[in-house]
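Both of the next two complexes hold subunit A, though its partner changes from subunit B to subunit C.
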Partner chain A sequence: MFEAIAFYLFAFLTIAMFFIAVTTSQALYALTSLAAGMIFISAFFFILGADFLGAVQIVVYSGAVMALYAFGMMFFDTTRDVKEKNGNKYIVVGLSVVSAILVVAIFSAPLVSENITALYPMVEGAGNTQEVGLVLFTKYLVPFEVAAVMLLVAMIAGIVLAGKDMDLSLTLLDDNEIEEIKNKQMKKVL
Partner chain B sequence: MEIGLNHYLVLSTILFAIGLIGVMRRKNLLLLFFATEILLNSVNIAFAAISHYYGDLTGQMFAFFVIAIAASEVAVGLGLLIVWHKRHGTIDLDTMSTMRG
Partner chain C sequence: MDTAYLIETIIKVVVVLLIFSALAGIGTYFERKILAFMQRRLGPMNVGPYGLLQVAADGIKLFTKEDIIPTNVVGRIFKIAPVITAATAFMAAAAIPFLPQFELFGYTVHPIISDVNIGILYILGIMGVGLYGPLLGGMASANKFSLLSAARSAAVFISYEVVTGLSILAPIMMVGSLSLIDFNEYQAGGFGDWIVWSQPVAFILFWIAAFAETGRTPFHLVANDHEIIDGFGTEYSGMRWGLFFIGEYANMFFISFVIPLLFLGGYGDGSFLGALGLLGKMAFFFFFFLWTRAAWPDVRPDQLMWLCWKVLMPIAVVNIVITGLVMMF
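This part shows the complex of A and B:
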């Protein structure tokens, strides 16, 4: 009973938040509602007994990813209203629903045919974090290391891409110097 | 009333559809990234639910890797967006149609 109430409450909240995130024309509203939706999703993980995943969800998504997006919003001019494509609404909605059902079919096909077996069953008497550690550092050690290398690559790429020309500050230069830099850049682009 | 696996899969479908609608109607690249985050999160819910109802930890493991991939995607994507914004002053998708065939 309690589980059902929690499920329906958080399902409603998550759907509402994500709906606002994709329909609003204000970038700030989209960011805030997306962050709220991420936190509500972690509630599902706690209901499902995946405590560690829920904690990681809050830390990584609501912490790191949202902070990066907030930084991006400060960098880009997002205060004005966002323009949107005004295509055929029925095509957009129809295509989305069909492909979403396809994804669920991919997930549920092995469940329907009943030939699924637990490869790495839950360990008796161990907490969720302990179980995750046991499986992650034995069966999934190589993918774990590959993911670590991928994060390193992403970090270096972020520094190299975003850190270019960070040594000159637009707020400390006077107008003539900024104009000069702009002209130089225009020449480079042309 | 018992909450079963189907409830979670239906919720995952609804969230995935919302994310796809966002991907198709957004022009601003930053908001397009928001929609992709919704897609990744909806799939994570399905992974965690199947992991719980079948007593198998593989689903949770994949959810962890999806989160790691999402984090690195954001870092690289925002870096590329900053470079594009410096060069063109806008992050609208319509300005990126230089390779029109």
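This part shows the complex of A and C:
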């Protein structure tokens, strides 16, 4: 019974939060409800006994949404409403309803035909952290490593793009040196 | 789920909430006294014996002060931000074993609210969510200094979450579990079994990151003291500001429990002496937070980033690689 109560409570909360994230025109409301929704989703993992994925959901998404906040801070005055440019409302509503129905159909089709078997059933005696590790490093080893390499590439690219003059700290320079740098930049512009 | 378990859990939750919100208040008294002694002052002396009732006086002041919501702020976010800080601090406590299990009137009590088998990950995740409080408070405040403070808190969060995670990875590899109880069992053999002896680097890194996690002095950038105003808390008054305070101090207490549990043997074999030992270690780490505040200046944000990304993170990664190699061969 507790499971059912928890499930419906968090299902309602998650949907409500994401609904706010989509409909509000206040950037802070949208970001905060997005973060809250992401954290409420972790409740489903905990209900299903996948504690590790639940905690990872919290850790990863709280960090990811934090980065979104940083962008929000840079791009708008977050205490004001954002003026949205609304195109054709019917197209927006129609497309979102159709795609929602499609997603539900895709995921409920195997449920209806009762055609679900666990490809990697639980190993007796292994905790759920170990389970994740087992599947990740046997069946999904190649995708896992490819993803790791791609992230490494992205990181190196980021460092190269942002890393010019990274050792230069304006607070540590004296006035003459700053003046010199300024002159150099002026020359470049001219 | 049987009723006894439910009642037991509710009682434990209430006890933890009451003890630690009271401790957060008394923590401010300790902080003022210790800072005062280190600076050759007396600290609070007038209210009660040795100023002990100062906590009550502060509490009455905070509770009865007018709750001001300035114009132009984003009302709901402004109101909810302090609640996030305080609530997440206490949520993190759910996976911390405060004492070894003991018998009370023939009933075995486990002084941990929920022994999830990913305890340490859960605690760090929830503590990370706690930084949303300062961030949201600063961004919703419609005040430039608050906004700057929010930007700093986002920077600190994004950097130090990496160091915390990487530094505890090496001990986790040794123990092979994420549960704090398992960490304690691993070190139950006594003084020589403490993880700090085999993982001194991870211990130092985690300790440094704990200061960033709680926003204490060398990394007190979230509410930059040099601006004289209180960073994200500038526009807050009354109990909402008090909630930020309770959250910060509760976080300090909880992280002071987590460090000994991870690295310094926790409550050991579970005897009465072991329990006292855990409380003693907790007290030392809490004291160390205050000691640092008296002894060290704040670092600049760019120094903090430099320290995190160019010093601590490489050390943490090297530490993991070496641990892995040693375990393999």
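We take it that the second predicted complex is superposed on the first by the 127 of 190 C-alpha atoms of A that agree within 3 Å, B and C clash if a C-alpha of one lies under 4 Å from a C-alpha of the other, contacts with A are read in each partner's own complex, and residues count from 1 in each chain.
By our rule, a residue touches a chain if its C-beta (ideal position, glycine included) is under 8 Å from a C-beta of that chain, and two chains touch if they have at least 3 such contacts.
All of these numbers come straight from a predicted model, not from anything done at the bench.
K.L.:
State whether A:L141 touches subunit B only (first), subunit C only (second), both chains, or neither.
P.N.:
A:L141: touches no partner chain.
K.L.:
In the overlaid three-chain picture, which partner chain does A:L28 touch, first (subunit B) or second (subunit C), both, or neither?
P.N.:
second
K.L.:
Examine A:M73 and indicate which partner it touches, taking first as subunit B and second as subunit C; both and neither are also allowed.
P.N.:
both
K.L.:
Where does A:L173 make contact in the superposed view: on subunit B (first), on subunit C (second), on both, or on neither?
P.N.:
neither
K.L.:
Of subunit B and subunit C, which one touches more of subunit A's residues?
P.N.:
More residues of subunit A are touched by B.
K.L.:
Identify the partner contact of A:L9: answer first if only subunit B is touched, second if only subunit C is, both if each is, neither if none is.
P.N.:
A:L9: touches no partner chain.
K.L.:
After superposition on the shared chain, which partner residues are touched by A:A55: those of subunit B (first), subunit C (second), both, or neither?
P.N.:
Touch status of A:A55: second partner only.
K.L.:
I'd like to know which partner A:A126 touches here: subunit B for first, subunit C for second, both or neither.
P.N.:
In the superposition, A:A126 touches no partner, neither subunit B nor subunit C.
K.L.:
For subunit A, what residues appear in both contact lists, the one with subunit B and the one with subunit C?
P.N.:
In subunit A, positions 52, 56, 69, 72-73, 78 sit in both the subunit B and subunit C interfaces.
K.L.:
Taking the complex as given, what residues does subunit C use to touch subunit A?
P.N.:
1, 72-74, 76-77, 80, 116-118, 121-122, 124-126, 128-129, 131-132, 135-136, 139-142, 147, 150-151, 154, 157-158, 161, 165, 177-178, 300, 302
K.L.:
In their shared complex, at which residues does subunit B touch subunit A?
P.N.:
1-3, 5, 7-22, 24-28, 30-31, 33-35, 37-38, 41, 43-46, 48-52, 54-58, 60-61, 63-65, 67-76, 78-83, 85-87, 91-92
K.L.:
Name, in rising order, each residue of subunit A that touches subunit C in their complex.
P.N.:
Listed in rising order, the residues of subunit A that touch subunit C are 2, 26, 28-29, 32, 35, 39, 46, 51-52, 54-56, 58-59, 62-63, 66-67, 69-70, 72-73, 78-79, 127-129, 169, 171.
K.L.:
Spell out the residues on subunit A that touch subunit B in their complex, using ranges where they run on.
P.N.:
Touching subunit B from subunit A are residues 1, 3-4, 7, 11, 14-15, 18-19, 21-22, 27, 30-31, 34, 37-38, 41, 44-45, 48-50, 52-53, 56-57, 60-61, 64-65, 68-69, 71-73, 75-76, 78, 82-85, 87, 92-93, 95-97, 99-101, 103-104, 107-108, 111, 116, 118-122, 131-132, 135-136, 140, 143, 147, 150-151, 153-155, 157-162, 164-165, 185, 189.
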